Amino acid sequence: MAQLGNRLVTVNDYETLALKKLGSNAIGYYKSGAEDEITLRDNMEAYQRLRLRPRILRDVGDVDLSTTVLGHRVSMPICVAPTAFHRMAHPDGEIGSATATARQGTAFILSSLSTTSLEDVADNADAGLRFYQLYVYKDRKITEQLVRRAERKGYKAIVVTVDTAFLGKRDADQRDLFALPPNLGIANFQELKSDKKFSGASGNDKDSGLAAYIANQIDPRLTWDFIAWLRSITKLPIAAKGILTHEDATMAVKYGVDVIVVSNHGGRQLDTVSATIDALPEVVQAVRQSGKKCEVWIDGGIRRGSDAMKALILGAQAVFIGRPILWGMACNGQQGAYDILQILREELKLSMALVGASKVSDLEPSMVKNAVEYLSRL
Amino acid sequence: MAQLGNRLVTVNDYETLALKKLGSNAIGYYKSGAEDEITLRDNMEAYQRLRLRPRILRDVGDVDLSTTVLGHRVSMPICVAPTAFHRMAHPDGEIGSATATARQGTAFILSSLSTTSLEDVADNADAGLRFYQLYVYKDRKITEQLVRRAERKGYKAIVVTVDTAFLGKRDADQRDLFALPPNLGIANFQELKSDKKFSGASGNDKDSGLAAYIANQIDPRLTWDFIAWLRSITKLPIAAKGILTHEDATMAVKYGVDVIVVSNHGGRQLDTVSATIDALPEVVQAVRQSGKKCEVWIDGGIRRGSDAMKALILGAQAVFIGRPILWGMACNGQQGAYDILQILREELKLSMALVGASKVSDLEPSMVKNAVEYLSRL
Amino acid sequence: MAQLGNRLVTVNDYETLALKKLGSNAIGYYKSGAEDEITLRDNMEAYQRLRLRPRILRDVGDVDLSTTVLGHRVSMPICVAPTAFHRMAHPDGEIGSATATARQGTAFILSSLSTTSLEDVADNADAGLRFYQLYVYKDRKITEQLVRRAERKGYKAIVVTVDTAFLGKRDADQRDLFALPPNLGIANFQELKSDKKFSGASGNDKDSGLAAYIANQIDPRLTWDFIAWLRSITKLPIAAKGILTHEDATMAVKYGVDVIVVSNHGGRQLDTVSATIDALPEVVQAVRQSGKKCEVWIDGGIRRGSDAMKALILGAQAVFIGRPILWGMACNGQQGAYDILQILREELKLSMALVGASKVSDLEPSMVKNAVEYLSRL
Amino acid sequence: MAQLGNRLVTVNDYETLALKKLGSNAIGYYKSGAEDEITLRDNMEAYQRLRLRPRILRDVGDVDLSTTVLGHRVSMPICVAPTAFHRMAHPDGEIGSATATARQGTAFILSSLSTTSLEDVADNADAGLRFYQLYVYKDRKITEQLVRRAERKGYKAIVVTVDTAFLGKRDADQRDLFALPPNLGIANFQELKSDKKFSGASGNDKDSGLAAYIANQIDPRLTWDFIAWLRSITKLPIAAKGILTHEDATMAVKYGVDVIVVSNHGGRQLDTVSATIDALPEVVQAVRQSGKKCEVWIDGGIRRGSDAMKALILGAQAVFIGRPILWGMACNGQQGAYDILQILREELKLSMALVGASKVSDLEPSMVKNAVEYLSRL
């Protein structure tokens, strides 16, 4: 499929092709957002409402995209967010996507709901920087085991998803009663307790299978004490994924979280929460005011290199992409995921050159402005 | 029709199906708003312009939706607004909808223009909390009799509709010359004076039958003195339904009204008045500043649990739904109405969990923000 | 065509039917606005952006629409703006439209470009309040004669159109090279100099016939001195039609103008000027601050009674409609024009009742609010 | 094709016809903007968001459009921006477009990437005011030679394009792998080094041919020192084309630039930068505050005479059009380009008359207002 590279020149080109290749069940699961998908759309549109203010006549002969996340050097500040069930997109599965990310020299977050176990990914994918995304099971021992297994296999951080006390209502999945294809399951529990496996079983007669699984297994009673507990059992850095307010950013810093991921779960949890790029400034400001060390990452709606650049301009240390990797996988497995990252890399590089920045640290707040600010200025 | 529950997962799904089942006359009457339907649409869109600000890591293992209205405990703060002519939607009629509401443990307001008399509803529907909506007839004795009958049959409040001096202009009804099917009539006057019955008779040659009926029978000369008179003849709590301004909220409180219902009659009276959720804050503030005890309810445009939650966040004690119950009835009679309430209950419960509230009183102003506020913030 | 009344219940219904009845040449001329028709659309949309704030429990049993314009009592504050060539819409022509307006008891402005002479209208239409709209011919004697003829025939004011130094660019008319049907002409010059007649002759090869006519005949060199001159030759009140700024409102008052008509010529002159309802407040304020007596009228985009009401709320003494009368004429001649006024009368009456006003002077600024004001209020 | 003049009455009419005449390769290249074309659209929509405030009763019998650019008198403030490859639109090529512009008595900027050499244009087109647009080649000697050649052939200024360190990403061109037709090339290098010629050769397998050419040849390391160097080698006035911020305007003035061209390259370089008319005020203000002499020109999105007028009102000395000339050429060669300028001339003249300005210097800031300013004013 080498010729794809000629014709698929944007992330959206991959999405268009992927929607032709995938079955309706997978499309419903991958594509949809919660309820009326206001936030899903807003995540993308909010980037389009921001206006860049480019600076000219700066030497941009060499644009260096490299930066660090949690002290690890990455070739660019665009990394891969945790998404479930990669083998539903392509047999290459999580080993493929993790390898593509490693080949690109950037960071990969493995989902708790992977169709390949964390050990299999670690053992079979190309070496690379990887973090483990944690859903906290009601059974706290399972949670601890997962952390231990991630530590053992060289994952460099625990990314606790904090916006999923229950699964958001995705109308499409409820209509379809979404379930995994029979040959797939939540691989981390393959040899463990079978009721953690999920697999092909559909839910009750009203909810998608996954929503029922989450309601049964995942702990909706988590409080900030959990962060303290997690800190007590592991030395790995802790990221809290799913913060959208300055109030919670302040709490996170207080509880010693190392990374805040500004995320609304790709618009899949609570509909009509703000776009992540709209929430970023208040989070960045709260962290700064705290005076503590805490990185801010962001995901949601990034489809262009310039989207990534805007997030960096507004204070994110790195950005993460969810669905785009799934579209890449669906089109062309590992290579498709690689190509997605390559497209974004080239777009980011070009955007930085044209905005007048030759390295990530050249990006600064005056380079972006909200479209409406131009409207009231005469 | 039990299998409907699997595929109709949103209120709008029910509307779509209902529009296939109903005749054009009924659709025209149920669906339409006044004139260009600006307010009808705005009622819904205004909710979508509000952004939720969710708080994380709060124990939401048990979300309790129960609250009180006028001191009566209800299982959730979503109740049923008065709408006319339920038997036009389904033979189950008002007995069906009142029963569905009772089974859901929440409050039901019976319309003055019901196709089942208030006695029949009280005698035949499951026991439940019910209020009586009053249109004030020019003949004040009729009005007094209606109040007495409602008292006798255990209705717990009189809800005076104050936005209907005349019926709003609904283009569709004027084009159709809307009239009830011949077998139906305004049941409360079955054994009374026949000119109060309305029934199948069409209006004059220019107005819908209902508009003519209202013009003939309902008193357009009401002033605040009417509230004083009503207070003098009944001990029941009095609600004023149809207030949209702080000025009138202040008047209402002054005249001892127990409940203000922020309502624009579902966008059916005066077009281009504000969406109710946009008017809510000024009403809530006026009541608070008065220092008097007065509940604020709201109706109009609520189609999702999160819409209800936003109204609660902004200070409503409870929300009421109009058309959704009609869609439920049209699809599946009593059970359809029940299912509509169930969908909203589950959506509200999930939304509260995801916003970080485990009981109604946890909802507070900082959890919502207008979308435009994000635009001018860089 | 009596049955039309049943089915055509809005002004827009008449427009829809008129567009089926008229030829493309007439449609192009009547319907179009200047260039990209931004202002044409904005004239209407601006009304829809305004939100009414209705007051309840006021006695609206008798709503009195009557008011005065220039001291003359009219049955309602909705009058008829000057539009050219009524006989192109229907053989009833200006006599028909003037009669319809007289039957409705309101004011009619006869266009300089009428297809019936001002004498014929005065002699043959039902008695009624009429004003004469003046385009100022380069030949000042012609202008003086027109004023004298209007005085003689009982027209009660001279309405000088001040926004037409040249005819605006209307793409449709340029593509069609608009010309009148051969049997019609500018009737006021029937027995005068033939080059003032215009009639069927098309323009040059690039402009519409009318644009060429205006360029040849109408004086683009008018200054405020013209008002002084006009004042010196007639005792009739003078209205300046086509003012959109507080600067010019201040000038008008200074030069003793009796009426300012806030108008953008129905979006037909300079595209992207503001909607008239958006310009109204600054004009009203300038007049008030001057302390002088000067009425403010408005036209442009009024299609609903509530549009008219909003203009009155914001300080207009009366509103004028242009195209709606042409649609009425095209559908049904004199009676169609009458029905249009009747629709607007009933809508205005109902809107006033529902906003809580039983007479025009009850309308006050707090009854309207811009939609965006609700957006930034939480 | 003389009859075209009758039916093509707007710039957009020409675009519509041109899109029928051109091949898809040329359409892709001429029409498209960078990435999602947000800026491409915004360039045009931003003009439509501005509201004109016309002044009445001013003598506009003679409207004089003439003005100066860099001290040279032009018949109107609408000139021609540099665009590449005119012979791809029509065999008349740059000689045709330069001649059309000269016949209209206004200024023409010849692109570095012309399909006719700067000498051929100078020798064969009608005499007229011309500037030379410079892309700075990595090989500084080539750059110097180009400047010398332009000086020798009477070009009156060097317009350095400063927004093209690399070519922007134009999805259409990447999908097509855009290349020139085999008979065309970059004519300025015909007798020079062949690798500067570009011509029909396509790029690498991933980029459009032109993007590859620019990446190979054009210097992305330019800094403000380049301006100093250019000043040192030529006495011609220097324009910096592609400035969008007050920061860079201040730099430009400091480095002695004679003209700032507010431009985003027609939305073809960095997507989501602001519309040029939105950026104009901050640039104008920065220049004014500097106290230095520097003209401000603007291009991007001008399709109507009133667009040009708005830019003049907001402080531009002259406006430049890019694509419209290409559409004119595609439709009818030299004459088409002439007609485009004629349409804009007549529209500008009429707009000035209707806004109350009889010469360019009558245009002043109070004549324009942003549409949103009307929204928050009650």
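The first chain written gets the first letter, and so on, giving A, B, C and D; residue counts start at 1 in each chain.
Quick note on the criterion: a residue touches a chain if its C-beta (ideal position, glycine included) is under 8 Å from a C-beta of that chain, and two chains touch if they have at least 3 such contacts.
Treat the numbers as computed from the prediction; the structure is a model and nothing was measured.
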Chain located farthest away, centre of chain A as origin (C-alpha): C
Same or different contact residues where chain C meets its copy chain B, judged by the half mark: different
Interchain centroid distance [CA atoms averaged], chain B/chain D, Å: 59
Rounded Å distance, chain C centre to chain D centre (Cα mean): 42
Contacts with two or more other chains, residues of chain A listed in rising order: 369, 371-372
In contact (per the touch rule at the top): chain pairs: A-B, A-D, B-C, C-D
Of chain B, residues touching chain C in the complex: 35-36, 38, 42, 46, 49, 162-163, 165-166, 168-169, 171, 174-175, 177, 205-206, 219-224, 226-227, 240, 242-245, 247-248, 251, 269-275, 278-279, 281-282, 314, 365, 368-373
Complex contacts: residues of chain D adjacent to chain C: 5-7, 9-10, 47-48, 50-61, 304, 306, 346-347, 350-351, 353-355, 366, 369, 371-372, 374-378
